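Listed below are the structures to be examined.
Note that chain A is present in both complexes that follow, paired respectively with chain B and with chain C.
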Partner chain A sequence: MDKIQEIKDRLKNLKSLPTLPPIVSRLNEMVEDEDVTAVSLGKVIEKDQVLTSKLLRMVNSSFFGFPQRISTVSNAIVLLGFNVIKTLIVTSSIFDVMQSSDIGLWEHSLGCAAFSGIMAARRNIKNPEEVSTASLIHDIGKVVIRSEFPEYYAKIVEDVERRGVFMREAEEEVLGVQHGEIGGWLADEWNLPERLSIPIRFHHYPEKAGEFVEIASIIHISDIVIRAWGYGFGGDKWVPPLSHAAWEQIKFGKAEGREIMEELDLRLSELKNFTMEF
Partner chain B sequence: MARISVVAPQILRTPSERLPIEAFGHKLIVHGNVQNAIESILNDPPECLLIQKGLQDGIDKTVITALKEDLKLSFLPIILAVQEKDIMSGIDFSRYPVDEIVCINAHPEEILTRIELSLSRSHRVADNNPLTGLPGNTSILKTIQGYIEQETERAVCYVDIDNFKPLNDKYGFSRGDEVIRMTARVIVNVVSEEAKSEGFVGHVGGDDFVFSVPVPAAESICKRILESFDALITLFLNPDDAERGYFESVDRQGRPQRFPLTSLSIAVVPCTKGRFNHYGEVSLVAAQLKKKVKAIEGSSYFIDRREDAEKA
Partner chain C sequence: MQVIPIRAAKEGMELAKGAVTEDGKVLCGEGTTLTMAVISRLEKSGVGAITVKGHPVRLPGEKGLKERIKDLEERFLKVKDDPVERALMRLIAEYWVESYSA
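Let's turn to the complex of A and B:
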């Protein structure tokens, strides 16, 4: 069977995607507390790309009856309610062995979400939380490769280290497809809104994102900024080339750039405080 | 013919044990891994769940409680597979709110019969609204009459979706159904979080709901429901309508018409001790209040304060 078909089949039958043990144990402690609210659980869930994707999968499933409509954690929380969220938490699976690259990718995703949120608010995009959510889960395809195809993943990591290529080039060689596309397939399989799935699919090629070009461009630039900043680890040590089209969409001058970086610095140091606890 | 999830490592282990059940046309979804099982049950619920008592970390109890407390999944019949000694020592069914039990070493034929019984019993619960799964008029009437008879003070709140018809007309009924489901979930989640077991939510039909909560909590609960509704409703509108701020259509003469966007109104009737003798009186007051609250543009609530004047 060719690899692409193998990946698609696996995505169809994907029961569970693992995440970082410390976040899950923190949430498990929280749900034991009688006074904890759904909103406070949401504040932690929205700091994890896997739990956020699962929450969105659930609320957009045909069972709950809002297919492809819900794109943010806060809306999902209101619709699902405490008990469903609690069940999602107590039954969530974790990585058997946590690698340092897992934490790196987590931090990278959080950083991108922070930058994207700032940028979306500055560009007056209607729902900035949606853009930061898309940005948080933009590399979900990498988690799929890491957890579902450990042998291919090992080969990709080895290629990146030995030959110094971009991770997505190694993915293309090993799997015949890149993590953006895999993430897009998963988002489609899970009924997520196009406002999330299309930017995920095209975050390296934002000019192809059609009506979502602005969101995809913000995520594309966040990927570059966060890597250049040296926050987290996106899978390889390179800063991806800037898409001209993306820059045209959201470009900023020196003065605004300074303001953005100040805001980002503040947000990242807050996040560092959060991630250091784990 | 039903889909049955099996999360019970010690039951129906071999194909030959499963055969009698599958021969009846049922589809057994046997889960080896408990964690994965729960996620798939939530994402794609079966028609019946067979779960074993005493799974690791008490996960059986957690799952049963969560399913039974969810407004839609609470109707999923759950069969608890127990050891013989559990039957000898008795089971605390308040901690295991299940619908049926079966012994671990029962014959497959007995398991099949228990499954069929559970399915048929669940079909008999007819009062619930098929769209939202919420209790309907009979239960609403019983609940409120119960407050009056037992002199339990509760605020009975009548919820209406305003300008639901233009939304339904413009986008079609399936979008309308989504909005009704959304409203139901918002009400249930806020009420169950703030009022816990003291709350009740029912679906009168169409775009009408009733909920009841302790009187002092009513105002903050109304505010939270309206806030959540307003935040969510825009996701169910086409972007151009949301931006414009009203619906546009044409009347029978072809003249352009405008309708305000869909919003929510809540009329609150505090049922204090001795105020009412019958449910009919409560709904009469509610009907008068509804007119007032519907006249207010956008999402709003109105609490009937006349009872204070009556007392004074």
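Let's turn to the complex of A and C:
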């Protein structure tokens, strides 16, 4: 069987990651109904206590930057929007895997989410929390390669270490496809909105993201800045090449850049409350 | 000056910048000396990080300035011919140098 087809087939039936919580299909049905309210959606989610506590922990972490604590799920839906809450629920199993097996990638993802949140707010993007969320999960393709295809993953890591190539170059050689594409397939498989799945797919090629070029560009730049800063670990130690088309979308000069650095420093320090023991 | 997570704050540290909530409310001004009561109030108000004078905390895994800059330059090795990437590198380096010297 062709390798790419094998990967696609295995994505439909992931063995190594916990299955989607059954609650997701129930919620999808509810959202179709125009009369559904945040309170009724919240009530359904709150029946699952583990999920609720995970969700509240995520929404209260600093990359969303809400000053007041969000204490109920319905409140979180009102503040962050259903797309964000659904994505956090769907991907909660991925977060568990990342936190236990790849803390470096987890920190990289949190850092990217923080930077994306800052830029989305500065560029007045609608629903900036969706941009943070897309950024938080932009590397899910890497998590899947690691957990579902350990033999290929070992070869990729070996290539990165031995030849000093970018991880996605090694992925292309070993798998014939890169983590962005795999993440995009997975996001489609999970019915995540295109506002999230397309930027995930094209975060290394943001100019291909069509109407979502701005969001993809923010994630692209966040990947560069967070790797440059040395926060977390994205699979190889190199700052990736910049898409100048992406830079044109969200570029900043020296004075704004200085403000952004200050804001980022604060956000990254806040995240340490979340990832570090003192 | 150093930006630190609120959980690393200790009595006696002095704020180099006002502690501000996400919605822009200033809770303590620049120059405030931290006491247990102040730290606890900041935490309760949702302040996640503060900027303090000097460089009083060595966070787990944190490197010195020289080493941080050296690592930064190394990470940019593959893209050093791109003027925008070089500008981003300088921006980060200058910010760090300034933070350590302030």
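Observations on the structure shown:
Here is the rule we go by: the second predicted complex is superposed on the first by the 190 of 278 C-alpha atoms of A that agree within 3 Å, B and C clash if a C-alpha of one lies under 4 Å from a C-alpha of the other, contacts with A are read in each partner's own complex, and residues count from 1 in each chain.
Just so it is clear, a residue touches a chain if its C-beta (ideal position, glycine included) is under 8 Å from a C-beta of that chain, and two chains touch if they have at least 3 such contacts.
Note that the structure is a prediction, hence the values are computed from the model and not measured.
By the document's definition of touching, of the two partners only chain B reaches A:54; chain C does not. In the superposition on chain A, contact is made by A:68 with chain C only, not with chain B.
Contacts of A:265 after superposition: chain C is touched, whereas chain B is not reached.
Of the two partner chains placed by the overlay, only chain B lies in contact with A:92; chain C stays clear of it. Of the two partner chains placed by the overlay, neither chain B nor chain C lies in contact with A:162.
By the document's definition of touching, of the two partners only chain B reaches A:83; chain C does not.
Overlap of the chain B and chain C interfaces on chain A comprises residues 65-66, 69.
Those residues of chain B that touch chain A in the shared complex are 33-36, 38-40, 42-45, 59, 62-63, 65-67, 69-70, 72, 177-178, 181-182, 185-186, 188-189, 192-193, 228, 231-232, 235-236.
Contact residues of chain C toward chain A in the complex are 3-8, 21-23, 25, 45-46, 48-49, 51, 59-60, 68, 71-72, 74-79, 82, 84-85, 87-89, 91-92, 95, 99. Chain A contributes residues 62, 65-69, 166, 224-225, 227-230, 237-242, 244, 247, 251, 254, 257-258, 261-262, 265-267, 269-273, 276-278 to its touches with chain C in the complex.
Considering their complex, residues 15-16, 37-38, 54, 57-58, 61, 63-66, 69-71, 74-75, 78-84, 86-88, 90-93 of chain A touch chain B.
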